[in-house]
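What follows is chain A paired twice: with chain B in the first complex and chain C in the second.
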Partner chain A sequence: MLKRLLTYLFITCALLSVAHPVRADEREEAEYRVKAAFIYNFAKFVEWPVSAFAGPDDPLIFGVLGDDPLIPAFDALRGKKAQGRAVVVRHFSSLDEVKVCHILLVGRSEQDRLEELIAAFRGAPILLVGDMERFARQGGMIGFVLDRNKVSFDINAEACKKARLIVNSQLLKLANRVY
Partner chain B sequence: MLTRIFKFQSIKRKLMALTMLTSGAVLLLVALAFVVNETMMFRTTIRQELTALARFIGMNTTAAITFEDRKSAEVTLQGLEANPHILAADVLKSDGTFFAAYRSPGTAEMSPTREMKIYAERRTGLGGSFKVTTPILLDDQEIGTVVIWASSTELLSRLFRFLFIVFVITIAALIVAYKMSTELQRPIAEPILALSRTMKSVTKEKNYALRVDKQSDDEIGQLIEGFNDMLSQIQKRDEHLEHFASELKENNEELKAFVYSAAHDLRQPLVNIKGFSEEMVRSLKEVQGLLQKSGGALSEHDRRSIDAIFQDDIKAASGFVGSSVESMSNLIDALLKLSQVGNRDLKPELLLMNRLVESVLADFAAMIREKGATVVVEALPDVTADRIAIQQIVGNILDNALKYLVPGRPGQVKIAGERSGNQTIYHIQDNGRGIGNEDMPKLFKMFRRLGVRDVRGQGVGLAYVKALVRRQGGNIWCESELGKGSVFSFTVLQRREGDR
Partner chain C sequence: MNKRFLKGLKGFIYFSMAMFIAGALPATGRAEPATQATPADLTEISLEDLMDVTVYGASKFNQKLSEAPSSVTIITADDIRKNGYRTLADILRSVRGFFVSYARDYSYIGARGFGRPGDYNSRILLVVDGHRTNENIYDSALIGTEFVLDVDLIDRVEVIRGPGSSLYGSNAFFGVINIITKRGRDLKGAEASGEAGSFNTYKGRVSYGNKFENNTEALLSATGYDSKGDRLYYKEYDSHVSTYPADSRPIPGGITNADYDRYQSLFAKLTHQDITLEAAYSSRSKGVPTGAWQTDFNEPGNKVMDIRGYVDMKYEHSLSARTDLYARLFYDYYHFTADYSTYALWSALNKSLTTGEWRGGEVKLTTRLLDIHRVIVGSEYTDNFRKDHKNFDVDPYMLYGGDEKRSSGAWAAYLQDEFPFARNLSVNAGVRYDRYTTFGGTTNPRLALIYNPIEKSSVKLLYGSAFRAPNDYEMFYTSSTQVANLDLKPEKIKTYELVYEQYIGDHFRMSASGYYYKITDLIVSVETTPTTPTTPGSGIMISKNNDSVTARGFELELENKWENGLDGRISHAIQRTEDKQTGETLTNSPGHMTKLNITAPVMKEKVFAGIEEQYMSRRRTLAGNYARSFFITNVTLFSRNMVERLELSASVYNLFDKKYGDPGYEEPSPDYATLDTIRQDSRNYRVKLTYRF
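After this line comes the complex of A and B, so read on.
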């Protein structure tokens, strides 16, 4: 874990030295904004089962479980529209609080009890997104990765299928890895 | 120009040319309309196809644009390679900035849209190049644009293929039209050609018995009918002419024979006159000789001789001369009478025949009594004809019948009549000596007197009768058996109302 963090830091530093002189936090902020935008765009390429909504005017609920550096950028999605529905952002502090939700950003704070968490959502039509290493591989649905300094993502197609979520093939094509 | 070329062609050619030119012109116009329509349609079709392609690319690059994955978009665009007519394609983002591109081999190095545009515009063949732009939509939002440039070579190749098909069809249609016009011109051209052929042969052979088959009831049929009518009129006139010519010839022959026999018959009394007048001269010379010899005193013998000469020879001779002159005079009278037949105007009127015959018989009353003959008159049909002519005809035949009765046998004469078609026939039958077969042809000729010449006559009667009958359009003939009797029959044409 530490090793990975170090590599991450190293790459970031290397990039910083090569690219124009931008502060580290500024760079990170930009990255988070990109990732938040990605999550918003995922909503456009994923199809939920009809049962996931009560009606055609129901909002699309973006949930956050725990704590994550992405949250500020994520909050900014509030009020946008996707698939003709209003985007609503909700914060959950514990697993039990998560009730109706379509996309759930699993915060880094939950990394340790990931398996338990994924097992709890098994079968529910909720797109689990996580900004941590091996998130998709461990049973999450979409996990962010950096591919040659570019934000990319892995998709666990199997998990999506089990959750009755239909992922647009274009999205699968763009994915860094598909499990 | 066209009319001038046409002038010398047969109607068959003209009809075919008419059909061919008309159908050819129609075909050409239709083909032209098709080509124009298809050219426009092709443009629309190609544009539609390109639009569909652009939309498809747009749909397949939504994720790539959304997630900024140029490579993925370029892979998608690379699929355009399959269509050689596509010159280039660009994917632009919603703010107009360049995102991804496809370049065909010819445009490999041109990336900016503007440069491409100039290139594409330069490649203007027929119809120029195509440029199609479609928006890329995601969630009802325009996230970018696809621009495709395609060359017009596809349009041209499609157009040429179409033109080729149109050309082949036009040729085929013209061949069919030719075949059909060959068949269809027949009912019009054939009768006209037949008419013209017949006309030529009529002119050449002067055969007016030819007719043209009438095959239809249209104007051509009427034309042929008219032509046939004309031919039959000419034919009829020809026949009339021939008839008249032969009649004229016959009359001419008759006239010749008549002149001959008239001359012959006139000569006979002249010979007599000449002979007897010479005889008289000789007798007078004899008398003169006797007178000179006696020298004033006639001996009894001489006186008796002179007396005998005056009493017998000169008296007889002068008697013969006188009768010859009378005979000649009669002959000339008869000739004059005969010649008047043709000159006198006939005045047709309704004749009550029984009454007419009665009046004629009255003239013959003495002769009938003398011969002891009986004349029976049946009920006769009435006719409209010239009174004097009919009187003379009946009188002459009756005269002959009574003249040539067999002496010692009670004469019987019967007059009968009947109607047959448009003519009335009268028969005058006798039980006289009849006429021999060898004499029949001479019966109605001038100056011919048949059989034994024991009856007075000039041999003019029957010729005169024939002339009278013929003058009125009738005919006369005789059936006879030598020794048993004859039947003379003559016809009078029935005049209809309105006939002169």
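After this line comes the complex of A and C, so read on.
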């Protein structure tokens, strides 16, 4: 009996010893790159009110508030084109700094004061995106969810409507959950 | 022909082993970065395609498990496919510390060394999508082919060890098995599946599932199963010469062909916004080939039939950013018919008819209080409005078990609070009060301290009390050989457990757990005191809260998930049970169990080999003998997308054709043949094809 057990343990240890795991941050990076690509795609499915831009050549401003592990991947969106506009990425460290912006990634560092934050943006035509639990349910607009190792998202259609953002029905269809 | 077949089989085994080695070894040598599969510029691909990219969170393991106030094992749909599991019983056999005894009528769960022969599955609570499935007569969880759900529809099985009565009430004695079914979106269209196996076994399933606009999702499925069963040989019947004068049973040579098994099942789930409506139905007929209960041996007319169905409506709604409401209404149906052909002994066909119906509701609020308290408060009500039972001889009609019709009810309220107590230390405390119309009230608390000394380590100290309400059969059933006992109290268990979980890197997990439990007021069937002192026994049985049992156990599990898809899990469980009356180890209580599961990619993302090894030490039988220890191997080769949309699998169960048996549930008798151990399946095969349209 004991012999058998030892044999098992030996096999397991042998199997473990040949494993060369990929570094964790490398894989997380992949996840964040996918999420950043999602955000870039959201821009194609949302229509902002005309007043959100000063002119047809105005850039599409992607803002980040606070700190978030998504930032490096998000920064890489800089210089791309969406809706015929150039993408500009801006970093904000506090609520007061956020002035003109079309898509705002609410950093995980802001999790604890989410309610206050969402209230402050009420009515402003800014698409609020967050990579944290229950973000869309709490009044944010698009929140990422991981569904069986695949990235998906929840949309708060109500909140988008109040912000005068027109969300393409295709996006609503793809969403994991619509509030 | 047979020889050639065996040769072919050997070839198959060698081939698969070679495939396994060739496929697995180089793959483990060079793990590929997960980023490789994704194109350099992700912004170039569409949203639909992005949603199909597999990413991993910080860990391949569900981190929530280390926060759970118990030791939890999760078996996923992928595990089910890759290991060729056919029933929930197959799934549970692979779970650390769990074992299943199959008496060729029903499958009986054993956990933590406890699996007394003759007991129903009433000390484990089986929940499907939040719906309690233990029926209301024997309180049993049906886990074999009689399980209400086709295992193909399972998304995952969560096995939550330890007492769960503080949240779930009765039956959550040794643990809760929580089954989550697939969602419509997991099917994305129609699916047809067919399988064929040894002993003339065939199964077919058609399903449709999808997600539509407006948060609407649907899943529909129908399954049919038919198995002729193995030709079994029981030496007990071969040599048995009855000493009972009336026993004129011919000696049939110990061979029986009455092991057939058939079922049909239906499942439907519809979600719209916050409401989910779910319905399940299954009907199974199983031949009883063992000649149990003095029935005619090798008589196909001997059978048990179970019909199980339910309708469940759930409403889940966020009341505010912090508070979620969960409400449920349900209706359940259970019908059991047994045809006991006892012509040889008693010249009659004996029938048992049992019907149970119940309905009820549950309301639960989950909220966050003072920022740090995660509080669950809930209440539940069950109305057992139908509990009919009858046992009789058909011709000439003779009633044994009174033509009884009963009803009962129970309500409960529970509260759970989870909060950080200090840095790295969180507390999970819960209590539930249950009130039954039959025996009164019972209160069951649970306390868990979860300590995370460093990241990826967790130490859990757990205490909990749980109960099992006496079932209808134990409390009320009266027949010519049994009397009711209205004074029965619930069985109680107190469990102390220490769990240590350690994650190393993102791939390796270790879990060690030691526990002690004490069961009091255990319900046993005893002979009533004889009315006249001269008779040795009255022959009349009564259920009493007579026994107490203690047990200690230790479990160790190691699990590794490699980047390339190779998964390995090995566990060992040691348990020592003691009957406090006799000081002996319980019957059907293995001292040791070892389990090993390896799933190896043979061809990247396309072909996998699943290898399963199970060892169980000897178990004492009711006759005081031992069911021998055994070591069995199951192998499955699974492939998907070799042909687009097609899944194919081939399995060999009990590969080395080990002859082993589980302890039987009949007390030995000088008058009738009984099976002390019940032989399990010899080597057998299954092939399965699933096509998505």
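In the analysis below, the second predicted complex is superposed on the first by the 158 of 179 C-alpha atoms of A that agree within 3 Å, B and C clash if a C-alpha of one lies under 4 Å from a C-alpha of the other, contacts with A are read in each partner's own complex, and residues count from 1 in each chain.
Methods note: contacts are C-beta pairs under 8 Å (C-beta built on N, C-alpha and C of every residue); 3 or more make two chains touch, one makes a residue touch a chain.
The shown structure was predicted, so the numbers you read here are calculated from the model rather than taken from an experiment.
Visitor: Using the touch definition from the top, say if A:41 reaches chain B (first), chain C (second), both or neither.
Guide: After superposing on A, A:41 lies in contact with both chain B and chain C.
Visitor: Give the label of whichever partner, chain B or chain C, reaches more residues of chain A.
Guide: Answer, by number of touched residues of chain A: C.
Visitor: Considering only touches as defined above, state whether A:134 meets chain B (first), chain C (second), both or neither.
Guide: In the superposed model, A:134 contacts chain C only, not chain B.
Visitor: Once chain A of both complexes is superposed, is A:77 in touch with chain B (first), chain C (second), both, or neither?
Guide: second
Visitor: For A:88, is the partner it touches chain B (first), chain C (second), both, or none of the two (neither)?
Guide: neither
Visitor: Have a look at where A:173 lands relative to chain B and chain C in the superposition and call it first, second, both or neither.
Guide: Both partners.
Visitor: Check whether A:157 is in contact with chain B, with chain C, with both or with neither, and answer first, second, both or neither.
Guide: Once the two structures are laid over each other on A, A:157 reaches no partner at all.
Visitor: Name the residues of chain A shared by its contacts with chain B and its contacts with chain C.
Guide: Touching chain B in the first complex and chain C in the second, residues 38, 41, 45, 171, 173-174 of chain A appear in both lists.
Visitor: Show which residues of chain B lie in contact with chain A when the two form their complex.
Guide: 60, 62-64, 66-67, 69, 72, 138-140
Visitor: Please give the residue numbers of chain C that touch chain A in the complex, ascending.
Guide: Where chain C meets chain A, its residues are 25, 28-35, 38, 42-43, 45-48, 50-59, 213-215, 318, 321, 505-508, 558, 560, 562-563, 566, 568, 570, 572, 592, 594, 596, 615, 617, 631.
Visitor: Inside the complex, what are the residues of chain A that reach chain B?
Guide: Contact set of chain A toward chain B: 38, 41, 44-45, 81-84, 168, 170-171, 173-174.
Visitor: Please output the residues of chain A touching chain C within their complex, sorted ascending.
Guide: That would be residues 1, 4-5, 8-9, 12, 15-16, 18-22, 24, 26-31, 33-34, 36-38, 40-41, 45, 77, 80, 114-115, 134, 137-139, 146, 149-152, 169, 171-174, 177-178 of chain A.
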